[in-house]
Amino acid sequence: MFQSIDFGLLALNSPGWGGALLAGFWRSIQLAAGGYALGIVIGILGAVAKLYGGRVSRDLAEIYTMTIRAVPELVLMLIFYYAGTDLLNRLMGLFGAGGIDVNGLAAGILVIGLVQGGYTTEVIRAAILAVPRGQIEAAHSFGMSPMRVMRRITLPAMLPHAIPGMANLWMIATKDTALLAVIGFSELTLVTKQAAAATREYFLFFIAAGLLYLILTLGSNVVLRLFERHARRGMVAPR
Amino acid sequence: MPDMDTITPLRPATGAQLLAGLRGLLMPHRLIMLALALTGLAAMVTQMDWSWLPAYLPRLWGGLLTTLWMLAGSVILGFALALPLGVVQVIGPRPLRWLASGFCTVVRGTPLLLQLWLLYYGLGSLFAAYPVIRETWAWPYLREAWPYGLLALTISFAAYEGEVMRGAFAGVPNGELEAARAFGMSPRKVFFRVWLPRAVHRALPVLTGEIILQLKSTPLIATIAVADLYAIVTRVRQATLLTYEPLLLLAGIYLCLSAILTIALRWLEGRMPSGG
Amino acid sequence: MTRILAALAVATGLATPAMAEVMKVGVSAEPYPPFYTPDASGEWTGWEVDFMHEMCARIGEECEVTPIAWEGIIPALNTGKIDMIVGSMSITPARAEQISFSDKYYDTPTGLIVAKGSKYGNSPEALEGAIIGAQSGSIQQVYAEKYYGDVAGQIRVYQTLDEELQDLAAGRLDAVIGDALAMDPFINSDQGQACCEYLGAVQNDPDVLGYGVGVGLRKDDTELLGRMNAAIAEIRTDGTYAKLAEPWFNIDIYGE
């Protein structure tokens, strides 16, 4: 069967599916990057709530992370997909702002970001805890405002501790975008399945898509390692 | 570097944390939150449409069993595969080492959904193309969808756990192995009596988290027509055309499953002899 | 605050104001040839896509195909992700409780395919022990569960009809219940001719199999409903219907 594979099907222009595959790949990257960035915002808020928040916000953050870690991503994504934009629209309606039409990309980013946020919260919380207390106390005693301590001291100082966990989360984000195929997003995995079904060349397309994912994960691995070296400069080597 | 060893923060809450949480529930603000949550739950029960639930209970139960079988099967088989994958990466000859680490990298670098579809649609239709295979005893199984789901879940678990086991094998202090050799144990004996049990013991805490992550991966097999819990709830969604109720029930069931699994695994871990 | 958020969302291109918008027309993300299917360049093509554009042109709206997983397409309509469904959705009493339907714009029987020379036949009794494939969320799935649920060996639920037909050809299914028109290209293909045979339409049950295919709309969109019905009637009477169907089908697909 392998000798009969028609690699022309991967050509960039129709009837080749290469262009569609690459467009799906680009969509996957956008979804992963957007979701990852949103996850970081949620993660910082969540970690701050857990470490410095009042009792209620601490508990709410705890419930959020616990739910995210216990329920399958696929189920969470479906709930967020319907509830997220539905609630947003109702909220906007309540304030008289009129309906907002959230497009597919934004909905996907929202869904990935909400899932990622749960994990990011834990990574950042652990990283902040790894910053020596004295550094933060010193900043406070210089009369810096809490916001400024956060911005100038805590966040930069926790960065090297957060990088391994954050790098891992990036890998998870790229792979989680594939789950959006089940909801019907035209990202790489769904386009691949459509191409494979249309041409009956399952191996060709699934392996091609696998290679694209590998390029993304291995490539970002290299970049992340360089970044880690940069962030760790001046620190004592681990071990 | 991104490595499964480094994702300790991803672990689910421990049993001890859960117990402490229960005790902490009696604080005033928590009582208020609990009351709010109960009100919300009551509102959900009374305001939402649950009339479909009794009719689907037997099927949901069947789906739950399928989910648990797939989880147990893939964890046991995957762990059995992970042991050689881990050992080979530490002491294996170079080609084998490359092969094992390449396998782990490829499986961990691509989405499980893609692997699942490759196996079911790609490999599965390949089998069917050869009439010889249709004559064999294996065909009734190869016709089914679940073997492909089990295979994909097993491979995925083996790859992640193989990486953990590599770290665990490499992390057993050399002194212990030297001591065992000094007692005159054969290499075989050193492996089975000292190295393997010590490595497995080191990997156990990570294993609990990995099993929860594996539970969270099982719904993907619904996409190849395996009737697991998720698939049954999907059928409910189509039959009733409700948006939220079935999904919320599903999330609730998985939440309970994760909690029960976590507590049970922590309990098991506590009963393991610490082994020195 | 909400104003700022809304403005921000619009400015960043993540959302567009609800007014002066493009109509989002939901089809299932799972291809359904010859009605709608993405081609290699990612464009959605098919008879129903052509028909949809014709309807939109007549009501003076700009329409855009929006793929959604079929299982969630009605929730997507009701939560405002899409504005209408033009995706071969049959008008059934169960669905009509959740959404409203336009008049039908085509109608097609539900049929059964089995492997060539198979022992199974076209009746519940003759399907005893068979592994039957049906598409997730389709009227055929409901039908299969109602009539074959007790006798069949297993009813396997797939995301797309195409996957069922491939599994039938591969011997992993004994029978497939599906839309006769949608299965037609497969039956007439070399692969279909070689492996399988069409047993004809199943015993009709309009309560389950519906009353033809209509445009799905939100219940409160009554004004849009009126315009769609007018457009469909116009397309029927002025001969455009036959012209649109001609490249795709060699029979009349409107039904009686």
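Each chain carries a letter (A, B and C) given by its place in the written order, and its residues are counted from 1.
Everything that follows uses one rule, which is that a residue touches a chain if its C-beta (ideal position, glycine included) is under 8 Å from a C-beta of that chain, and two chains touch if they have at least 3 such contacts.
From a predicted model like this one, the values you see are computed outputs, not experimental measurements.
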Any chain in contact with chain B as well as chain C: A
Chain located farthest away, centre of chain A as origin (C-alpha): C
Chain B and chain C, separation of their C-alpha mean positions in angstrom: 36
Inter-centroid spacing, chain C versus chain A (mean Cα positions, whole Å): 33
Distance from chain B to chain A - Cα centre to Cα centre, in angstrom: 21
Numbers and ranges of chain A residues touching at least 2 other chains: 78, 82, 86, 182, 197
In chain B, residues with contacts to at least two other chains: 121, 125, 129, 223, 243
Contacts with 2+ other chains: residues of chain C: 72, 75, 79, 163, 166
Sites on chain C touched by chain B in the complex: 71-72, 74-75, 78-79, 94-95, 97-98, 131, 133, 136-137, 141-142, 156-159, 163, 166, 169-172
Of all residues in chain C, those that touch chain A in their complex: 2-3, 6, 9-10, 14-19, 21, 28-29, 31, 37-42, 66-69, 72, 75-76, 79-81, 160, 162-163, 166
Touching residues on chain B, where the partner in the complex is chain C: 121, 124-125, 127-129, 134, 143-145, 223, 225, 227, 231, 234-235, 237-239, 241-243
Touch list for chain A against partner chain C, complex: 13-17, 19-20, 23, 78, 81-82, 85-86, 89, 91-92, 95, 97-107, 109, 182-186, 190-191, 194-195, 197-198, 200
Contacting residues of chain A [partner chain B, same complex]: 1, 55-56, 59, 66-67, 69-76, 78-79, 82-83, 86, 119, 122-123, 125-126, 164-165, 167-168, 170-171, 175-179, 181-182, 189, 192-193, 196-197, 202-203, 206-207, 209-210, 213-214, 217-218, 221, 224-225, 228
